Amino acid sequence: MANSKYEYVKSFELQDNLLPQTWIVLRIDGCHFHKFSQIHNFEKPNDEHALQLLNECATDMLEEFPDIIFAYGMSDEYSFVIKKSSTFHQRRASKIVSLVVSFFSSTYVMKWHKFFPHKELQYPPSFDGRVVCYPSTSILRDYLAWRQVDCHINNQYNTCFWMLVKSGKSATEAQNILKGTQTQEKNELLFQQFGINYNTLPAVFRKGSCIFKEEVEEVVKCTEAGDPIKRRRRKIVVQHCDIIGKNLWDEHPYLLSDK
Amino acid sequence: MANSKYEYVKSFELQDNLLPQTWIVLRIDGCHFHKFSQIHNFEKPNDEHALQLLNECATDMLEEFPDIIFAYGMSDEYSFVIKKSSTFHQRRASKIVSLVVSFFSSTYVMKWHKFFPHKELQYPPSFDGRVVCYPSTSILRDYLAWRQVDCHINNQYNTCFWMLVKSGKSATEAQNILKGTQTQEKNELLFQQFGINYNTLPAVFRKGSCIFKEEVEEVVKCTEAGDPIKRRRRKIVVQHCDIIGKNLWDEHPYLLSDK
Amino acid sequence: MANSKYEYVKSFELQDNLLPQTWIVLRIDGCHFHKFSQIHNFEKPNDEHALQLLNECATDMLEEFPDIIFAYGMSDEYSFVIKKSSTFHQRRASKIVSLVVSFFSSTYVMKWHKFFPHKELQYPPSFDGRVVCYPSTSILRDYLAWRQVDCHINNQYNTCFWMLVKSGKSATEAQNILKGTQTQEKNELLFQQFGINYNTLPAVFRKGSCIFKEEVEEVVKCTEAGDPIKRRRRKIVVQHCDIIGKNLWDEHPYLLSDK
Amino acid sequence: MANSKYEYVKSFELQDNLLPQTWIVLRIDGCHFHKFSQIHNFEKPNDEHALQLLNECATDMLEEFPDIIFAYGMSDEYSFVIKKSSTFHQRRASKIVSLVVSFFSSTYVMKWHKFFPHKELQYPPSFDGRVVCYPSTSILRDYLAWRQVDCHINNQYNTCFWMLVKSGKSATEAQNILKGTQTQEKNELLFQQFGINYNTLPAVFRKGSCIFKEEVEEVVKCTEAGDPIKRRRRKIVVQHCDIIGKNLWDEHPYLLSDK
């Protein structure tokens, strides 16, 4: 039976290829994760296990999709940077978004028990995704800086907010106390009222998480004469470092070299 | 700390809204499911439990996304029809694709054990997704017909192929026997060599699965005089019926009425 | 000499095909025509010759592009309706927009002297263009109604404004008098202060211009017996009629039948 | 009278903004110019006046649209390079394409008589247009090189073809003689059969035309002491130089500096 009579419906599929030779950033966001974190009793303002779960999912992404060369995550969002020269699925936006989000979602559910062995997953979590193209490395770095500044702003605010709430304030009172305060004032509030030095809090909360392939030199085995035989390989690492300045990029020049 | 210095990067997000007042079809496909079905020992040509799992995921989709008014699935793919008047996420393609695929993937993993209690999920499954707009109901019905004709063609071929293989032929021999055969010849092959009447095989294999909300009248309670108090409500049903002809649509006119 | 080394640059051309089986409306607008009409001393509020020139250009469009089945113009804008089934240049948006706008612009300059024999064209006029798809005939008719309502609102306002200015008011005074007035009040102002019955002004000003192919029956020649031999053909006509109600469409059912 | 009832039709206009911070190339092509050049008796293989007319239109484009920083033309096509940082009409593709093509077309018709004082324009010429974004300067230069290589290939072929035809061959004979010949062979054919040294033909034919703003230093006036007062300004120039190598770009570094 020929299917040709109906096949014309394929002509309604419009193309959505992304501009070649641009960095593709795919950002996923937890959908209604405010409610999700309440129902699953996530610790406030940061739940270490929830962050570790996200980081492990993101690490698996770099294994699964070799064209992802960098990932940056914080709170319930993750940005994946796909190399400029990638031709993954002919750079079709919907293919890329759907495959990445699908794999991330499946992995999140599969790994849940590893990080929450005593908590049942109550319902299927979902993530939305979007793709953006950045034509130059300098704009890409500004994108990453934008996310890390946001991480800082949100985390500092949330740390203050939850300390106030835990100390007995209502949510509204805490919001009013924080309204209009600057970075420095928030740091002082934490220090004077709660004895917390913000800059000594765990870097994973303050800086978010960067995942990338680090070039390392390994001893594979030794020759009969006892000399080590080494090889260079790339190993996926998770770090909680600054990505706004140039240090990370200077130390790992291959990351943004698109090779 | 103001984030404005970097916020310009948001201007690189281009809009991808879908044309209003058109039927949106979102089709998801299992990614590398040939390998996935081998590794998980799915029965050939059709694995009932795998199909039931997909159907349950799709049923949950209609609960989760009220704008989905119909779903049709077969093999490892599912098409979801979103109503013409939907303004779900302002009809942004990447939002819609990612959320639907994400929820489907999470659900698939969460429900795996219900359908395969004795099989471990070996790795995270993933699905790709795409959206297509259809401007009229008649073209939408042609789309659905296209998928059901495909279901028939594939299933009849696969049924023959696997019967031949199970009877001792090699894959290549089976392919050669089937090359160029028509519907009628395949039916005869099944009947004469294997005593199988194709049309009596389970409808779920031959027709695929349709999921929609059926209007039903229910007795809520009875009055003191014993008269039933009824109300109409919509109940999600799974059927394996013909969607090419007009019967289904005539019997359920509200399905495509976009209300 | 092979050109292949550089031909990869073609891969940066992204596709912009419009959804099949939808009405395509291409609207062009005079660019900075406020200034253009001043420099060329167009009569206010309406210059008959300028409108006739636009109408003749639009008429030539229907000759040149057979897929245009209707055009509606007013002031310095024109909307062209391309039939749903059109496959003109594979429905590529930029091809369609550029060709239509280019032909219109060339024609405008070429025909200028026919309508302004004693005025020199001072500089090249330009028009911008855009395409919009409408999935149903009823929405297409709402689009056309939208433009004709706009024509009425603008023309009534401009008629009042210029009568006030010609009677000695400054532009600001005229604007203040008209601020917040309704249709009925404007009609009364025209009648009481200037003795003008708005509804008797030329229809081309009040209703704009519709251009379409009318089916007519013509006597081609006569038989020897003196009986007329007729044939039906389509003849391009310009009318200034209502397009909001259903009369025009009922009388010319073939217009929106997409045949 | 409110227009709100119909204004919903505006929501069908989809956005088509081009990616920020990329070079926009807008290429226009004469539509059916083979026929146009025959009807207007253009000289073969190159008509100097027709090329001069196109060059003057393109020069006017650089005056009219300050964001165009370079133009390259040959045969009946012209490429306009819009600077990376341009926000002209919010980088909306259809606005940019339509305005540029419209102005070019109007100018072409208006200037026709300056270049063809004794030839009547027979019908309105039209041009199609398209936009492509290039993310880096190096790819932009490859685009320009692609066009100039094409200019060379086409012009050399056409020069041979028309010399053969003018010497008495039929079109088919000329095509057969040229089939499969390389650059060197074509040069030898021209030299041996017609005494033509290809490289001494006018550069406008062989290299096409480049239009850009050259920085020049001008003496504005002199001081009382007789010292010249100079100022730097940019002057639009037309050149027929090589754009594949780096000389032009090295000598005019501001061209691609996006300032």
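So that you can tell them apart, the chains are marked A, B, C and D in the order they are listed, and the count of residues begins at 1 in each.
Assume a contact is a pair of C-beta atoms (placed from the backbone, for glycine too) under 8 Å apart; a residue touches a chain by one contact, two chains touch by 3 or more.
Predicted model, so just to flag it, every value in this text is computed and none were measured.
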{"item": "Type of subunit A:subunit B copy interface by residue overlap (half), same or different", "value": "same"}
{"item": "Distance-maximising chain from subunit B - centres being C-alpha averages", "value": "D"}
{"item": "Rounded Å distance between subunit B and subunit D, as computed from the means of their C-alpha atoms", "value": "52"}
{"item": "Rounded Å distance, subunit C centre to subunit D centre (Cα mean)", "value": "32"}
{"item": "Junction residues of subunit B, two or more chains touched", "value": "12, 14, 19-21, 133, 139"}
{"item": "Touching residues on subunit B, where the partner in the complex is subunit D", "value": "11-12, 14-15, 17, 19-21"}
{"item": "Subunit D residues touching subunit C - in the complex, by the definition given at the top", "value": "1, 3, 6-10, 12-14, 16, 28, 31, 60, 93-95, 97-99, 101-110, 121, 124-134, 139, 142-143, 145-146, 149-150, 152-153, 182-183"}
{"item": "List of subunit B residues in touch with subunit C within their complex", "value": "19-22, 133, 135-136, 139"}
